[in-house]
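Questions regarding the structure given below will be posed in turn.
Chain nomenclature is as follows: A, B, C and D, assigned in order of appearance, with residue numbering initiated at 1 for each chain independently.
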């Protein structure tokens, strides 16, 4: 499969159709890969594809260091493609201005990352070229099993759990930086007139940040799990993301990353939207 | 450092009774940034206002907080007062210590504590207020009138008479509305069509009025003075410019058994038709749902017989775009359906009256058609089932109206009068007939109305029975009406040849959807809401949109006409200036931090936000951002909350102000 | 690890006075604010613990306002606006409703005491509803007591 | 004596001229911890929570977890918390009252520190005791005893040996323990503070002359080798502020700043006002050169407008500016930045790249920098 990808990358670079191929190369540490930006057809041999291609490379579209290279082709797993779909939907990129080299994926990580068993986009839903054998989407997967299990805890237990988790947050904002959908140039966390989120990393400020981070991704998060992978203090951020995904799906019948034509749920409404919580 | 003045009103005893105003003034004086804090018996009085004006000059104030009644009452007063001292009006805020405090609390200490908090909140807000200046927008001096019934016609004629262009849109092939279907009108018994048709003709003739019949308003965007509307002109399949209304086509049309909407199902029309002989315009339309040409691609007779070649089967719906400065909504009413089929869950219908089953149970508008010379019986009262002249007719008032169990609480207002009229007209046509009227109360408030009802009873022998009808059943070829006579406290049974139900007036069946479409509010019943029930009865809460006729509430003809004229005069008032001053409470985008996610553009209820290209001086596109059209922004702030990077701010309610208010409550 | 000096010191003890619930209400100008005005003109007496912050529309309310209010020591937060279909701006409350629904789910998931966040529709005609609601909310918050879990977050950061 | 040497001497004034050698039985380590607690010290040690090993204040020896290479976060936060109140203030009308911080430096022990982490402390002393005396750092440093344990293992990210340190370096430790045999730690008591504590506990034995620390750490030293040649780095950096190399090696950096937050020697902070209505606090919070907002001027201008310049800054600061200004490399080779980077930017790779460039670019006849 990697041979075909390299061949296609070479072809695209040689013809000048794209100026850069965003992919993965071997990392210096065991079981790691590193994002790589191939600009010359001679370098395509650096491209690899394996179980450790974790990074969601869609992150790089909006970065000027990469954007300045010219039209990109990107190697993307199904989940990464969902991020691209949201970026298109939110007018951050134009679909016709990128080339997606979709790869079918049986999951990354050993053991698999938590997003992989509940993935229904093993074959990307959008691509210009597909590599690897198509994998039929799994049916009847419960994407929020972990959420439901957590919800069985009492409110007090839940509060205690998250308070402890958030107390560890060091406000490094890696969760934000690594997120392909956190593309604001000035994040709400950086706004200090007024001070939206207390920058101090005491638990109160941490709670606010973590709630708002999750909230700003509600209806947008495509569960690539990069935030959780990056978090240096191990906060289970995907659990929060999945709770909001469940909420959006149940309340508004919406799943992000599947249809770039649909209006994002928090910019849309229906008169009959649920309001059981309103007096 | 801010220099704020706090002015505390006793409102006579209204505030001072519960709030310790002296203490409030003392505590307010201790707040950082407050230069002066005083209390006074009536701050809104001239001496009170003068006190504020003097203090502004004396203490060089840059902000004023008046702690008094609701800003909905006196904000304009105090803002005007500070302007006289050279202060921008938006640097004056009110703390509501009357409606929200003194009038609703009894514990003096806690109420005073609350008042101190409310003042502190407003002091913190006003410190962050900025000078704002009214936004001026031009006014398009052209009006749109929606609905071509008597209200719409009247409004259109009045506005046109004032010298302004009017676009009149009517859904049906002809203007005239429900009034055109009536036989005679109460309390004068003059012929409805005779008084209406001259106005219909005038509407068509007036060069300032552009009439679109068989058309619907599809979309309304924009704001007062600057609406953009889209009108769907449904395909008439007849070229109105060529057609001379000779009638050959409808006379030759083979589809002759289509129930006529105009005759409320009692008569028939053809597939190519004008709804009634005096229709304006007198151009027929083809009802494509019933036309053989469209159903089976057969026939084509009308095209063959039309000597002028006016028939155009290829005609398509057309979208007409227009810019208007004001809109009069005159979409009229429907009648409560009394059968089993109901448009909503609340309305239960009157299965017990067998309207669906018995042909001789009809509603008021059907009876109007039976009385009308242009109706299916040429004005002879003949019952639908067998064409016999009914010798006894039972009229039942309040069918639907004033009956919460059937889903409607309100009184339809006109029924008392028209059942009296019906009974009277019946008696005039069938001299040996006996009219009965079942009623709850007789509401005949109106000029010459009571006299009219009295005439029905005294001169025309109409028998009034006070009570409700519980059921109607068939016995032979007669109908037995079973009801209570609450005056004699007995059960009554009337044998009638015909039963006429005075059904409730209800909002037009798509009233709610239409209100949403054009951006006005509906009450719970679906009638359109006026801005104030007493003081602003013809305006809606949406500036530039006015109401006329029964779309607002049940009305008779004179009321509808009066409201239409009132709406027209409001439109002319608006059109009397070239520019409109709008409140500067509008949103603004920070183009430096905007990342063009388009959330604001998507959520804006007024489509007031648009994409903007930022280009370098060579014309190369650098980036895209959002931009607010401040002429269209109404200041709701939905975009502000939707912006993830907080790059949209609403003047007067920006995040810094709101946060300062919250923080002001964080003190202990 | 954070500094061990984060405890909130130096504030005057509230304990001398009896604890009173602190409730912050974010309301829209056209419906609930006017509804509260109507409660006033109708002289319907209710509990004095709610502090209203007026905004043009519920659509203007950012979920962070709710968090800020709790950070500032609120024991309860009310959010109230126009009934669906009644929005002065036609759709602000529909957008607000979606946001509140989603954010509420998030708070609930985090074990937040949801009895302390009250969403309502109160129209300009529902002065009585406003008064009743305030009484009910104040009663509930009195029962629950101060929102210690949240107010202690800062102090708990001490090592 | 040059200024630089003078600074170093100040830092190391309390250091013993010759370490005192003693031994500690491994099973007595727990007793030692308990003694520390009993003596009223706050004790910080590695604690395992799920996958995560971090320094936490402990209340008993049972909580301590001494396996693994390094903790996720370094112990720098004991001296330099991620958030610290510098002072509080209260506002009344036309009056502001300041509240000073007190009792922020209680007697403390950091136990189970790795030599790379211990070595970071004297390096940072140079900064916090430079022109401005940071009392929070300095007083805590004085009140804190560092008990480190030599590494017998390493991973691919470790590179202490490449920055002049070793798995058994004593820099920064008051006491360094090296497991020289199954039942014996060699304790090198480096300072009077360390000696006092050793005496108070009474758990240490006299060391025999046969104890060979070098033998114990030989294997791991071998494994570590030399990952790059430190001597080549600074000369290249001196000359190559502008170089395409920077773009090539940092393009995958997303500016998350994890490298700085896990780093034992990164010490940038931001002073913020955390205000409420009638008062607030001035807080000192960790900040990072990798953040886009870090260098934004009030005007909106950002002198480090892209991630390339930010990443270059990090390397320049550690391997050029800090050595220029304070006479030490601001890196101890702990490898955390390499280990935890979500994009595998890999500092070792970059430094290796510099060495390669340096070999290729320097004229052959250039004098050796040594």
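Please note the rule applied: a contact is a pair of C-beta atoms (placed from the backbone, for glycine too) under 8 Å apart; a residue touches a chain by one contact, two chains touch by 3 or more.
These numbers were taken from a predicted model, which means no experiment stands behind them.
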{"item": "Centroid comparison with chain C (C-alpha atoms), farthest chain", "value": "D"}
{"item": "Which of B-C and A-B has more C-beta pairs touching across its chains", "value": "B-C"}
{"item": "Chain centre separation (chain B, chain C; CA means) in Å", "value": "34"}
{"item": "Euclidean distance of C-alpha centroids - chain A vs chain B, Å", "value": "48"}
{"item": "Interchain centroid distance [CA atoms averaged], chain C/chain D, Å", "value": "45"}
{"item": "Distance from chain D to chain A - Cα centre to Cα centre, in angstrom", "value": "33"}
{"item": "Per-residue overlap in chain B, given as positions that touch at least 2 other chains", "value": "516, 603, 642, 655, 659, 663, 665-666"}
{"item": "Residue list for chain D, restricted to those that touch at least two other chains", "value": "73, 82-83, 275-277"}
{"item": "Multi-partner residues of chain A (at least 2 other chains)", "value": "185-186, 188, 195-196, 198, 200-202, 266-268, 271"}
{"item": "Touching residues on chain B, where the partner in the complex is chain D", "value": "30-32, 34, 120, 124, 592, 663-667"}
{"item": "Touch list for chain A against partner chain B, complex", "value": "90-92, 183-188, 191, 193-196, 216, 263-264, 266-268, 271"}
{"item": "Touching residues (chain side chain B, partner chain C) in the complex", "value": "70-72, 96, 98-101, 103-107, 110-111, 113-114, 117-118, 121, 512, 516, 519, 521-522, 541-542, 585, 603, 605-606, 634-638, 640-642, 650, 653, 655, 658-659, 661-663, 665-666, 668"}
{"item": "Of chain D, residues touching chain A in the complex", "value": "49-52, 54, 72-73, 82-83, 155-157, 247, 250-252, 254-258, 260-262, 270, 272, 274-275, 283, 285-286, 288, 291-293, 306-308, 338-340, 342-346, 348-349"}
{"item": "Chain A partner contacts - residues on chain B that touch it in the complex", "value": "516, 593, 595-599, 602-603, 624, 642, 644-647, 655-656, 659-660"}
